[in-house]
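Presented below are the structures under discussion, each in the form of C-alpha cells.
Consider the two complexes below, in which subunit A is the common component and subunit B and subunit C are the respective partners.
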Partner chain A sequence: MISDLDAQTTEKALMLTLDGEKVSFEAGETIYEVAERHRREIPTLCYDERLEAFGACRLCIVEVEGIRNPVASCTTQATEGMVIQTKTEAIEKHRKTLLELVASENRDVDVNQLSGYASQELKILVDRYDARSGRFSGKKSGTSNTKDKNPFILRDYDNCISCYRCVRVCAEREGDYAINVMNRGFDTQIITEFNNDLRDSECTFCGQCVQTCPTGALGDKKALRDSDTEGEIEKTRTICPYCGVGCSVDMLSKGDKIVGIQPAMDGPANEGALCIKGQFAFDFIQNADRLKKPMIRREDGELHECDWDEALNFAAAGFAKVRDKFGRHSVYGIASGRAPHEAAYTMQKYIRATYGTNYIDNCSRA
Partner chain B sequence: MPSESNAALISRWKDEPAPLLPLLHDFHNRDGYLSEETIRDVAEGLGIPLAELFGTVTFYHHFSREAPGKSAPRVCTGNICCLHGGNELLESLKEDGATPMPCAGRCDDMIPVIIDDKAFVGKTKDSLVHRATPMPAENPGGITECVFSQIREEGRSTLDGYRATGGYAALEKALKGTPGEVIETVSESKLAGRGGAGFPTGFKWKAVADAPGDPKCIVCNADEGEPGCFKDRTIMDHDPFAVIEGMTLAAFATGAPLGFIYLRYEYPETEAILENAIEDARANGLLGENILGSGLTFHLYVRRGAGAYICGEEGSLLNSLEGKHPFPRNKPPFPVTHGFNDKPTAVNNVETLASVPHIVANGAEWYQGLGLGDLAGTKVISLSGDVQRPGNYEVPFGLPLNTLIHEWAGGPPEGRTVQAVTMAGLSGGFVGGDLSEITLDDGCLKSRGSFLGAGGIMVFDDSRNMVEAAHNAMEFFAHESCGKCFPCRIGTQRITERLNGATPNLTHEEWLAEIDDIGSTMKSTSACGLGMAAPHVTESLVRYFPEQVEAHLSKES
Partner chain C sequence: MSNPLADMEKPDVIFAIGTNMTECHPVAATRLKRALTAGATMIVADPRQTRLAKMAHLHLPIRVGSDVALLLAMAHVIQREGLIDASFIEERTAGGNEFLQHVKEFTPEWASDICEVPAADIEKAGLLYGKGNPSAIYYTLGITEHICGVDNVQSLCNLALMTGNLGVEGGGINPMRGQNNIQGAGDCGAVPNNFPGFQPCDHPESTEKFSKLYQTEIDGTKGITKVTALDNCGKGIHAMLIDGENTVVTDPDKNHCEHALKSLDHLVVIDIFMTETAQLADVVFPATAWGETDGVQTNTERRVQRLRAAVPPVGEAKPDWWIVSEIAKRMGVPGFEYESARDVFNELCELSPIYAGLDWDRIEDSEYQWPVPDRDHPGTPRLHEKEFKNGRGKFTVVGYRDPAEVISDEFPLWLTTGRRLEAYHSRTQTGRSAGIEYLLSHESLEVHPDDAEALGLVHGGMAKMASARGEIEIEVKVTDMSPQGTVFTSFSFAEVPVNILTGSGYDPVTQTAELKVCPVRVEPA
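Our next item is the complex of A and B:
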C-alpha cells in the first residue's frame, strides 16, 4: 500500500500555462474544458457540453505557442507544457468579426427568451462583443419553414446560423436522427428527410433541438403563445410529474400562469433531456376541466364534491359489488406509468391480494 | 435486359468496402437520378439514417434528384473556360437542360461538357467532340523528367506496354528488400505531397507503418478539384499503372492490404481506364493476394466522387468514402493514425504516387538531383489561360516562371503581355507585377504571398479584368464551401457579394476594411484549407491591382 501511495504522489501532474498562469489538467481534457474550469468564459456558439465537440463556430479559438494559426479550443486536447493565450487582441478581433458575420446572416439577433433554454446565446455574445455594427451586410442564410404546422416546434430558419447543435443533439442524445443538413456552404438548411414536416419524420417532438438552439431559430411554440402575456418570466425547479424517471425541469411562469417547461441541464436523471410529454404536455395543470377535489356521481347523474374517506369507501363498495356479482376476474388493474416502483408494487399487491386475479398491467403496455 | 432491382443492387454492394458511393452511382446510372424510393431503400439497406443520407446526397453537386438528371449536359464555367465562352456555351445548351459545373480539369482542351459518362470538349454546341485527354508535349526544356519520363511511350497505358518500358521493375526491386528500405528511399528523395500540402511522403508512410491498428489503408487522392489543375487526369489516363504500382509500393512500405483511388466525378473516362488497369493487374498477379509470388496482399478499388471540391481535403475524402456527410474532420487525430474507418491511412496525391516507382527504381539521389540548386525533384505544372501552348509541363523545382510561360509555352497571345498568374490553381491567389524574379518553388512564392500548391497556373493577359477573375474565383469557393465552419461559410459568400457589385452602399474605405477583416479572420480561424486559402484571391487582388479595384468600386457607387 505504501508503495502505491508513493507512486501516486510522485507521479507528476500534467501542467500547462493558461494566460501566464500555471495550471494542472487531466489527460484527455480539451483546452476549452481546462479554460472553463479556470473561468475564462471563452465564447462559443456551436458548443453544448453534452455533445461531441464540433469545431464549427470558431469563436473558441485560442493561441497556442508554436502553432501558427489559432486553434479551436473545443476540439484541441490539452498537452503537457502547452502555452495558451485565450484573449489576445488578435483573438478578440477575430471573435468580433465572426460575430458580426453571424449577425449579418440572420433576420433577428433579439429573440424572445421563451423560444428556448439556449435562445439568448447569440444575443448575449453579440452584445458582449459590441457586434451590432451592421457590417458585412448581404444575403440572409436559411429559409424559415412556415408550412410545418406541428403544434410544438417553430422552425424559423431565417435565424439559423448552421451550428448543427439541433442535428447533433437529435443524433447523439436522442438517437432519433430525424433531422440533418441539406446542401452546403451558405445554402445549408436544416431539414428532415426529403424536407418534409417533422411529424412525417423520425421526430418524437422531445424538444431537445429547441432547447439547444442558440438563436431561437427553433422555438417552443407553446411557450411562445405567452410572448405578450404580462409579467416577468419566473423559473421554478421541479420534477416532471409524468413517469418514474424523475426528470428535473424548470417550470416557466408569468404571474400565476404556467407558460412553459424547460429541461434542467443539471438534472441528475435527465441531463437536459425530456420527452414530448414532459416538454410540451403541461396544459392540463391549469385546465379548467381538471378535477381538483374528490367527487361522486350521485343518482341524479351529476358530480358532487365529497371528502376523501367518502370517495374511497364509495369506490371500494363499487369494486366489491362488481367482484361479488361477476367474479374475481371481472376486475383489471392498470397502473400508471407515472407511478414510482413503490406505488406500482402496491397496485399489483392490491389487485392480486384483494381480488385474487393476475389481471394487472401498466399503461405503457396496455 | 431488365434493369436490376433495388434489392439486387443493394445486395451487390452492401458487403463491399466503402459501398455508398458506388451504390448511389449504380442507381444514378440506372435511373438517371436518385429517386425518393432509391434513397429510402439505400438508407435501409446500408443502415444509414434516412435524413442523414438525404442530407449527404444533397451535398454532392452531380447527384440529380429528378429527370433529365444525369444525361443533362454539365458545362464547365471555370475561370479559364469562362474566358473562352463557357457561359455562352452553357446558354446555347440550356434547351437540353444544361447546368453549370465548376472547373472540370480540362483547361488545356476546352470546353468540357459532361453528358452521362462522356466528357465532350468544344467551344460551341455544334463542335462538341469526344476525345482523349491531351498527352503532355515533349519537355521543351529538355530536362530529365520523373513522372512524365515514360508517359509518351507507345502502349504505356497497357500492362504489356508498361512492363516493356520499365514498369514494375521498382516493385520487383522493392519486394527483394524490406518495407523499411522503401520508406528510407522515399524519405531520402525528399518527395513531398504533390497535391499541394507538401507533407514529406516518407515521413507519412513511416507514421502509418508505425501506427497500431489494422487493416491499414492507402488512399490515392484523385479528386483533382482545384480549378486550373489537370495533371492527375493526364497521369491516370496515360500512365495508370504508374499510379497502381506506386500505391502497391506504398502498401508494401506501410503494411496496408487495402487501397482506394478516390476519383472526381468529372473524369468518367478515367474511371474506366483505372478499372481496366486494375483488372489487368489483378489477373496478372500484380494486385490481390500473393503479389509477384511475394506473399504481399493489396486489394485496390476505385471510388468515384459526385462533385464536391472539399472531398479533395483528406478528412472530407475519408468521410465521403465511409458514406458519411463529407465535412472535414477535426485534426488531430490525423489520418496516419485515424484514417479510413479510423485505421492508419496514407492519403497521397496521384502525382506523388506516380513518382514513387521512378524514385524506387532510380534511387533517392537521382530524384533529388532533378531539382535546380538545393531543391529536390520535379513538379508537374498545369499551365492554362492566355498562353500559346497550354498544357502539363514537368518542371524542376526552381525553374523561373518566365522560362515556363515564355520559352516553354510560347508566351501570351500575339500583341499581349502577361498581367497576372494564379498559383496553386486558385488557392494561391494571383501574382502580378514584375514576374521576372519568380522561380517555381515555395521559398520564392512565399515572399510574394503565395504558394505552388497542386501546381495549377492560370495566365491572364493585359486585356483581362482581374476583379471579374477574382469574382469568378470567389464564387467557386463559395459554391464549394462545405458549410461547416462559420468563417468560410459566411466569408466566401460576403466576399463574393463585394466583388459582384451587390454592396453599392459601402464607401471605398469600408469595402477595403470589410474585405481585409473577413480575409484575415478566414485565414486565421477556418477549419480547413479551403477557408484559409480563399482570401488569397482578394488579398492579392488588392495588392497587385488596386487601380482595378478602384474602378470596380467607382462603377458601383
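Our next item is the complex of A and C:
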C-alpha cells in the first residue's frame, strides 16, 4: 500500500507556479520553504528555520491566486496548482511600510555585529527597502531592562520588535521556558517569571535568545566589550573546547584578540545551540595568567623562565637519566583529554617509541 | 555512544542513569527535552533531584552505588513479564539463557532494600524500559566512577541486549563523554591497553606492527594504568610526562597524589596555565590553547572534527605535538619529524583501522563518525546495526557489591560528587572567564533540611566534612536537591579540595576511582 503511494508521488511530482515559473514541491512544505529553495529571498523578521513558523512580522506575505488578501508564506502550506506572486509592487510597498513602522519605533536600527548571530537582520532589510523615513515616529514600545546586571545578556528592549524569537527558541529549542511575553501592543515586554533578573529565573545563559534576536535588542554583552576594538571581525569555524558533545562554533576575532563566540547553525552536534560555557567562557585563553615561556626548576628550588632549547634539553636529559638509572619501565606518560588528537598521538608514540612500553594513559579514569 | 546525538530526539522511552545531563552536557540535553515534548517517556535514576529528574515521568532516587541492584531487578521484571526480544537474543547474542536464569532471584523487593526506593517504582521502571520501542540508555560518570563501574556498564548492556535495543534508531547504550577529546585520547592509543585505533597491546600482531612502525621493540603486554603509576611513584616510576591534566585537583585522594608526584625524580608538565600540578614540575612547557591550535578532536558520538586556530599563540607557546616531538628528537628517537598537525593526524589515519578512510582534508566538514574503514565508506553513525564487532553481544552475569566504604557511626553520611553547569573541572578555564563568578562564585555542600537540622547546620554557615582520608571546610547549602542521608558537592574549586576526602576504592578492571561514593561526617565548623 505504502509503496504504491510512493510510486504515485514519484510519477507525478507536486507542482505550483512561483512568479510565473513552474516548480515542484514536497507535501508539507510551506510557500516560504518552496520559495526559499528557489532563491526568492522573501524578507522575514520573525522567522528562524529551527522554530515553528509564527506568522507575526507579516513581511513574508505573498499573493496567491484565488485568495483575496495576501497570505503569510511562512504559515501557509503549498498546495497543488497554487499560483503565487512573491514580489508584486503592492507586496513590496506593504513590506516597506511595515519596515518603516518598525524602524521608526526602535531606538537604533544600526547595532554592532558583535550583538549576535542574527543581529543584522533588521538593518539589512531596512536598507534593502530604504525604510529609514522616520515617518511613523512617535510612541515607542518596550522598556530596556537596565537593572538586570548579568554579565552576559544585554536586555535592550527599546530595540525589541515583538517577534518573540527569543521566547520561542527558549521554549522550543532549549526547553527552558525561562522567558515569556507580558502585556500587549505598545506595553509588550519580554520578562522572566515574576519579572526577576535572568539569574533568578530558569535561564541557563545558553545564549540562544541572543543569537536569534534580529535587532540586537538582546545582545552578547561579553562580545560587545570589544565594540570599539580596532579591526574587522573574522570568523573561524572550530569546535567548543568543553564537554564531549562537540558543538560547532564560530570564533570571532579582531586582529589577535578573541572577542566572542557564535554557534554554528549547521553544526552537526548542536544545530545552533550552545551552553553557558561554550557561549560565554571563551576568554580564558587570553587571560594574563597564561604560561608564556618554558620554565625549569633551578638549584634554588624555584621555577624560572628560560628559553626553549634549554628547557627541551633539560627535559630530555632528565628522562634519559631516569631511564638509564631505573630502566625503561620507570617513565610514565599521561595524555590529555582536552588537547587535540595530535597531542595524544605524539604522547603515546613518545612513550612507546622511546621506552618500548605501554606506560601511557589519559585523564579518563578520574 | 552507540547512536548519534540526533537519535536523542527519537526514543520512545529514555532511561537516564548517573547523568546530570542538563548541567554536564546541556546541548545534548536539549535533544532529550525535545523528545519529551514529542511524547517520549523518561526514567531518571539519580540520588539527586536534578533538573533532568524533575522532568522525568519516573524518578528513582537510588542510594549512591546501588545501580547494579536496580538494573538486575529491572532485568528480572523484563524477564518475568516476557518483554524480552527472543529473536534478537537468539540471533545476535551469547550467554542469554544463563543471564535470564540468573535474574530470576533478583526481585524488585530485594533491590528496594538496597536502592532505598519503592519496589513498585523499580517494577514500573522495568516495565517502561522493557516495553519502550525503542528504549535508549544514557549514562555518564555516575555509572563508571564506582568500584563496580564495569559491572554497572555491563548491567546496562544486559538490559539493552535482552530487549534488542541495540543497532536501532533512537535506542542504544549511550555514554556521554565528559571532556572535549577524551574519546580522541582513546582513539589515538593514549591508553595502556590499546595502540591507536583500539588495536590491543597484548595481541602479537599489533605489537609487531607498532614495533616495526616505531622502530623499537614494544612490550607485548598491557601497561599499568595511571592509578597504578601514581601508586608506584618513587617505587618503580621515577619520571612522568603529563600533558594538560591538573592531576592533583581532579584525581581522588589529593594528598596521596601530591605526595606521589613530589617523589618523582623528574616531572615534566605541558599546560596552558601554572596549575597546581605544574607547580610541582621540574620543567613546565607552555602549550598553545584552543583557538590557537590546529588539530582534530572526536566527540561523544565518534564524530571526527577539525579544530582551527583563529589567533596567534600567547607568548612563546607551542603546540603539544611539537613539544613532545622535540623532546623525543633530543633523545634520538626517530619518527618525530613532523612539520604540522596535518602530518601527525595523517600518520594516525594510516595506522588506525577505524580512521583508515580519513585524512586531514576529508574531515573538513565534520561529516564522519568512526569507524570509517576505507575511502568509500560513509562513516558509522550507529554501531551494531547488523552485527557486533566481536560477532555476538555477550551477556554478563553480574552480582551486586557494596561500595568500597559504607556509612558507619563514624562516617554516617554518603558524599557524592559531581559537576555544576557554570564550572568546568578544576576551573582553570571557566574560573578565568569573565562573568562566570556572577553565577557561581564559590563551592557549597548540598545538605537535606532534615540532615541539617539533626546536625545543627545552618544555610550559609560553614561545616567541617571529614572522611577516612582527610577533612575540609565548606559552606552549607540547605536544599532538598540531595536526599536525606546524602550530601553533594563538586570538585571544581581549589579552595574546597573535596578530593582530599575521596578515593576509597577503584574498579578492579578499569581502575576508575569511586568518586561517586565516600562516607563522611559533617559537623558545624
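Going forward, the second predicted complex is superposed on the first by the 280 of 366 C-alpha atoms of A that agree within 3 Å, B and C clash if a C-alpha of one lies under 4 Å from a C-alpha of the other, contacts with A are read in each partner's own complex, and residues count from 1 in each chain.
The working rule: a contact is a pair of C-beta atoms (placed from the backbone, for glycine too) under 8 Å apart; a residue touches a chain by one contact, two chains touch by 3 or more.
Keep in mind the model is a prediction, meaning the values are calculated, not measured.
When the two complexes are overlaid on their common chain A, residue A:278 makes contact with subunit C while staying clear of subunit B. In the superposition on chain A, contact of A:357 is made with subunit C only, not with subunit B. Shared-chain residue A:287: touches subunit C; no touch with subunit B. When the two structures are aligned on the shared chain, A:181 is found in touch with subunit B, with no touch to subunit C. Within the superposed three-chain model, A:336 lies in touch with subunit C and out of touch with subunit B [touch as defined at top].
Applying the stated contact rule after C-alpha superposition, one finds that A:124 touches neither subunit B nor subunit C.
When the two complexes are superposed, the chain touching more residues of subunit A, out of subunit B and subunit C, is C. In the superposition on chain A, A:83 makes contact with neither subunit B nor subunit C. In the superposition on chain A, A:139 contacts subunit B only, with no contact to subunit C.
Those residues of subunit A lying in contact with subunit C across their complex are 149-152, 172-175, 199, 204-206, 221-222, 234, 236-248, 251, 253, 256-258, 267-270, 273-278, 280-287, 289-297, 303, 308, 311-316, 318-323, 325-326, 329-354, 356-366. Those residues of subunit A lying in contact with subunit B across their complex are 45, 53-58, 61, 69-70, 72, 75, 77, 90, 93-94, 97-98, 101-102, 104-105, 135-139, 141, 161-162, 164, 171, 177-188, 191-194, 201-202. Of all residues in subunit B, those touching subunit A in their complex are 36, 39, 49-56, 58-59, 308, 310, 325, 330, 332, 478-487, 489-494, 497, 502-503, 505, 510, 514, 517-518, 520-521, 523-527, 532.
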